[in-house]
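Some structures are shown below for you to check.
Both complexes below contain subunit A, partnered by subunit B and then by subunit C.
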Partner chain A sequence: MAGFVERMRNGDIKSLIARNGIFVAFVAFMIAFGIGSDRFLTFDNLESVVRSSAMIGIMALGVTIVVISGNLDLSVGSMLSFGTVMVVNLHDKIGPGPAILVMMICVLLLGAVNGFLIGFVRLNSLIVTLGMLSAIQGLTLIYSGGKNVDVNPSTQDTTWFRVFGRGEVAGIDMPIIIFFALASFVGFIIAFTPYGRRVYAVGGNPTAAVFSGIRRNRVVFSTYIVSAFCVGIASIILGSRVMGSQNNVGQGYELLVLASVILGGTSLLGGSGSILKTVIGVLILGFIQNGLLLLGYPYFAQWIVTWIVIILAVWLDVAAKRGRLLSPIA
Partner chain B sequence: MKFAYTSLIAGTTALATIAMAGAVSAEPMKIGITQNNVGVDSYQTTYEKAFIEAADADADVETVVLDAGGDVARQIAQIQDLVQQNVDAIIIWPTNGKAVVPAVRAADKAGIPVVITNSNIAEEGFDFIKSFSGPDNITQGSRSAEIMCDKFKDMGIEKTAQIVQISGQPGYTTAIERAKGFEDRLPEVCPDVTLVETQPGDWNREKSQRVMEAFLVKYDKIDGVYAGDDNMGIGALNAAKAAGRDGIIFVGATNFAVGYEAMARGEYWGSIYQSPVDDAKNALATAKAVVEGKDVPFLNYFDTPKITQDNMDEFTKPVF
Partner chain C sequence: MSEAQPVLRLEGIVKTFPGVRALDGVDFSVFPGEVHALMGENGAGKSTLMKVLAGMYQPNEGRIMIDRKPVVMRNPIEAKQNGIILIHQELSLAEQMTVAENVFLGELPRTRWGFVDWKVLEERVGSILAKLNCDFGPRTNVGSLSIAKKQMVEIARALTHHAKVVVFDEPTASLTDAEKVVLFDIINDLKSDGVSIVYISHRMEEIFTISDRITVLRDGSYRGTLVAADTTEDEVTQLMIGRSLDYSRNIEQGEIGDITLEVDGLSCGRLYSDVSFAVRAGEVVGFYGLVGAGRTEIAETLFGLREPTSGTIRLDGEAVSIGSPADAIANGISLVPESRKEQGLVLGMNCRDNITLPQVDDMTAGPFVSNGAEIAIYDMYRDRLDIKAPSWRSEVGNLSGGNQQKIVIGKWLAMKPRVLIVDEPTRGIDVGSKAEIHNLIRELAHSGYAVIVISSEMPEILRVSDRVIAMYQGRIMREFTADEVNEDNLVQAISGVGNGKAA
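Coming up: the complex of A and B.
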């Protein structure tokens, strides 16, 4: 605290804002939309936005870890389609418990394929996960035969599977609780445990990490397992919320997830980033889309504004780090 | 149009049995089809099955069934292959209405008649095709408006009702035409019903559920929802149920099994019945008639009737 006051006195407030620009931007957005629409800051709306951001958010937790370790994961959208189709399809056949178990195992296996190819074989993560994006989509189509899947309508209101997407505790929707619980857990692991430090080390300087005795391949492998685990959880929530699934339900989600992570200031070069900022990134993205909709802007305005905000956020982040707007190198 | 189609079928059958019994069955006509993306959804999967069954049942035709897997380049190559094989007619389910036009022109130049199925190609290609066989999406949209309006009249709220629309993926012809049909017809039949807002649900149930959640927050009064297909309609229904907003009239298009079941439960009011089986049969019959040199309407639509809770017993549950 003393240090903080010291820095304030030294006129360092500018760099403090710059380094935590994401929080400032978040508050500014909330105020602006709050003024623009009297529905925006109602409890129902806030709850609705956080609830629908929860799935993107949960996937973004895993992807944040992958990105901190210096890699990418573009396969999460396809994996979400695969997971939901599978868990919904198996729900009526073998019951919700076994369905969740089998789906989680399959999704973790897909994550293991990613992790093996990128961690142990050392292939480029962009190429591997871009390939997996298509391959898993194909797998989903083979599995489902192209059909939409649904939980039997007569059991939709009685199965305990509904808890994950439609249940609530103390008036708060379950997806929100799961999102924040998982975010706290993953955030703790990454910030305060030796494992977390190894992830940062591998992303920040892989060579130094290896010389310090960190097994890079295992750490990278594990990040894809975490990512797949998060996708599995998101699949359960989505399946339960919709009580059905389509083969392409997760299409395009990989970009929303990656956008949230980048918006949160996690560097694509690896070695820096935080779960808290990713959570804020997720919420900003969710609130921008919701706010523009409440203000009555057409959908294409959402696309444009969303990407302007993301590019500005990344620019701000880079500019704050190097202390100037444009690159000093010609 | 319905009449034209029915008489066409009757004519085809009669001629096929009388005049062509000897000559044609000795040398069956060869019809090639390149489909958009079988397996990506249940409609296309059922379509392919029905097409193959209909062709197998007809001794006069032999088919080459191909699938472009959603890939424009592959579809163009498949059209060229079919031209090389010198088939009697090519049926195309375009992956992209514009990109296939040059290949269609090449087929036409080679003297092979082309029939487009399900979703039409861009207008600049119309000179090179013999017929389009598929659903009339504008009529579907206007019929949905009529279903909605009739229900409001029954309820006595046609003077005050407020509705929202969840449309299909922006840029898709089907989405644009259905929205247009609906928006044009609604003021004609129910001039006092207000369409307060339209947002796309991208044919995605989860996206549609999210859009509807926002609508429910934004508007205290929503009497009806028109969704570009039942899949999105069910997403909207999920959102309304979760928010405890009862009494909203849901009308969709392309009746899906989930929509049919929700209608049976009394939660979903109506939709448009579009059968992939009729779609496939109509495409085959159209191509056959073209090869036989018959007059075929340029836009050879198959009928897609209204389905509501009141008349749903007349229809079998959709397989997709």
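Coming up: the complex of A and C.
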């Protein structure tokens, strides 16, 4: 806050906007949509946007940590399909508790494969997770035999499994509560613990991190475990909410998740970024999509607008670092 | 010189950044065919001035005149068009491309069909390389060249542009003595062709070898221009730091204790072999040798970054196996690495976090890092090492080289090591900070650390060491005490003289 006041006093408002572009854009969007549609700023609408963003948000928490450590995770979408199909399929066979447990273990194993190949074998994260994206999709189809899965309709309303997607506490939907609780938890870990510090150091300068006695390989490995854990939680919520799943339910989520992270302002170069930024990125993405729908634009328009917003966000970010908006040289 | 007109003249250049006046009315002029050295401590404004000159920064006030005409250079391309070429400390070559492609990158000659005209290209580059006496051809891959040869490629690039002024920024930082001689020959050739040279370096002896005039900056302002032939190192130093330096060796010696580190028959493939030495508590052992003599590799082995093929390492008499930097740290070994930007610091992190990074696991209150404990450590080493940073929140990337180096040293002192290894402690650091760091190294030994200093600078080794170990091609050639070592016998030892091999 002191820094903020000082900057305002220096009259450096342009750089303030550039540096915190994402917050400014967020407020601007909310005002614009609020004026454009009287349904936009209602509690019901806001809640529904946050609820539908919660799943992407939870996955984005893990991916944020992966990105801060200097890598990528494109496998979260198909991992979500895998986890959801598995937990729904096992629900009737072995009961909700064991189903969740088995699914989490399997998803964490997939994360461990990512982490092992990228952290210890030192393969490029883009290649590994892109490969995993398609491999896990194949695994999901083999597991389900190509059929979509459902929880038995007779137990759908009675199983305690329904609480994750359909329950609420004090009038607030459970997915929202889980999202914010997990975001706070992960946010605190990354911002204030020694582990978090190591993640930033590895992303900021892996060589210097190793020279400081940080076991880089383990840190990278761990980020993929965190990412897989978040996907597991998202799978539980999705399975519980729908009480069924298609084989490809997570398709395309990897891009939405990555878009949210970038939109929030976490640099793909690693070493910077935060959970708070990602939460805001997630909400912006959600509100843009919702706002466009309320304003009567067709569903697919939001994809184009989303792309434009991401380009704007990245451009502002780069421009703030360069110190000017258009540069003849990089 | 007064009758000639300067080819380049900067008048009253002011450049401010938020909160900082980086340049405060600097005047600087360069005559045709002169070598003009620009000196100043880190943070004095040399780099800023050069960036203004290269069109990377726009001055807030003042003007730039080339051939007596005021010019505005909005970017490096326009600076090049005006005949100003900057040869960076960090070379900017496309490693996977050939020499010829690099020299004409962006301006490759074309055939009338629009394809690259390889014949013309190779002829033109070939003739430039011949002029520079290069022993490599235009088709050589740049990635396969040594740093010195890459620098030649950069110079060749400058020559294609009909350069009026060529700026060298610390060109000798990673050159061997032989390569340095070649570089100076080229600079003299350029000079006799009427090209002006701006030469930035911290190495005083080079400045006096190569330059005609010396301009000194301090704290962003102009302190004067001296004719090299009529001045002395002392005078330049005084202008730079505002006081004269005590160059005498700090002979004050602490109590030399027991052997802390003992290395016996250590070998690592072809990098070095059969290395044995011991370091006692309270003494500084200097490792001197040419680049590639194996000094850094030994340090890396002691710090767990390289596995030795044979030999033993003993700490306080007990054999230890060091498989990773974490092991080394646990055993009380610290390494201040040779490259502070690549190996020493996370540039985007703040000062405090960089200093506490190796021990952040032990600085917790509950599950969280203790803010208070961290700040206490930072404050302690800031005061002890006299680190000049606006606050602990400042990103280390924004500090001057000397202060960055102090952060790295502070980071490793804070670990309270038994053995402190310092690799090239003052590379790219100005004379003022250099002296401070030398005194600090002496002080550390005095307070009981076993210190190893690796350096390619002879004056540095002679000033700080109690014993000097001379290395040549991976072997220890000779060990000297402080009393018997001098420049002559040291040079002989590190060039393999008397061993049937020439350097």
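Here is the rule we go by: the second predicted complex is superposed on the first by the 323 of 330 C-alpha atoms of A that agree within 3 Å, B and C clash if a C-alpha of one lies under 4 Å from a C-alpha of the other, contacts with A are read in each partner's own complex, and residues count from 1 in each chain.
Just so we're on the same page, contacts are C-beta pairs under 8 Å (C-beta built on N, C-alpha and C of every residue); 3 or more make two chains touch, one makes a residue touch a chain.
Treat the numbers as computed from the prediction; the structure is a model and nothing was measured.
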item	value
Combined model on subunit A: subunit C and subunit B, fit or clash	fit
Dominant toucher of subunit A (residue count), subunit B or subunit C	B
Which superposed partner A:Arg197 touches (first subunit B, second subunit C, both, neither)	second
Vertex subunit A angle, Cα centres of subunit C and subunit B, expressed to the nearest 10 degrees	130
Partner chain in contact with A:Leu238 - subunit B first, subunit C second, else both or neither	first
Which superposed partner A:Ala209 touches (first subunit B, second subunit C, both, neither)	second
Contacts of A:Leu293 with subunit B and subunit C, given as first, second, both or neither	first
Minimum Cα separation, subunit C to subunit B, after superposition on A (Å)	34
List of subunit A residues in touch with subunit B within their complex	37, 39, 42, 44-45, 48, 51-52, 141-142, 145-148, 150, 153, 166, 238, 241-249, 251, 290, 293-294, 296, 298-300
Touching residues on subunit C, where the partner in the complex is subunit A	18-19, 74-77, 303, 305, 324-326, 328-329, 335, 337, 342-349, 353, 357-358, 360-361, 363-364, 367-369, 411
Subunit A to subunit C touching residues, read off their complex	10, 12, 15, 188, 192-194, 197-198, 200-201, 204-205, 207-215, 271-272, 328-329
In the complex, subunit B residues that touch subunit A	38-42, 44-45, 170, 197, 199-200, 204-206, 209-211, 213-214, 216-218, 231, 234-235, 238, 242, 256-258, 261-262, 265, 320
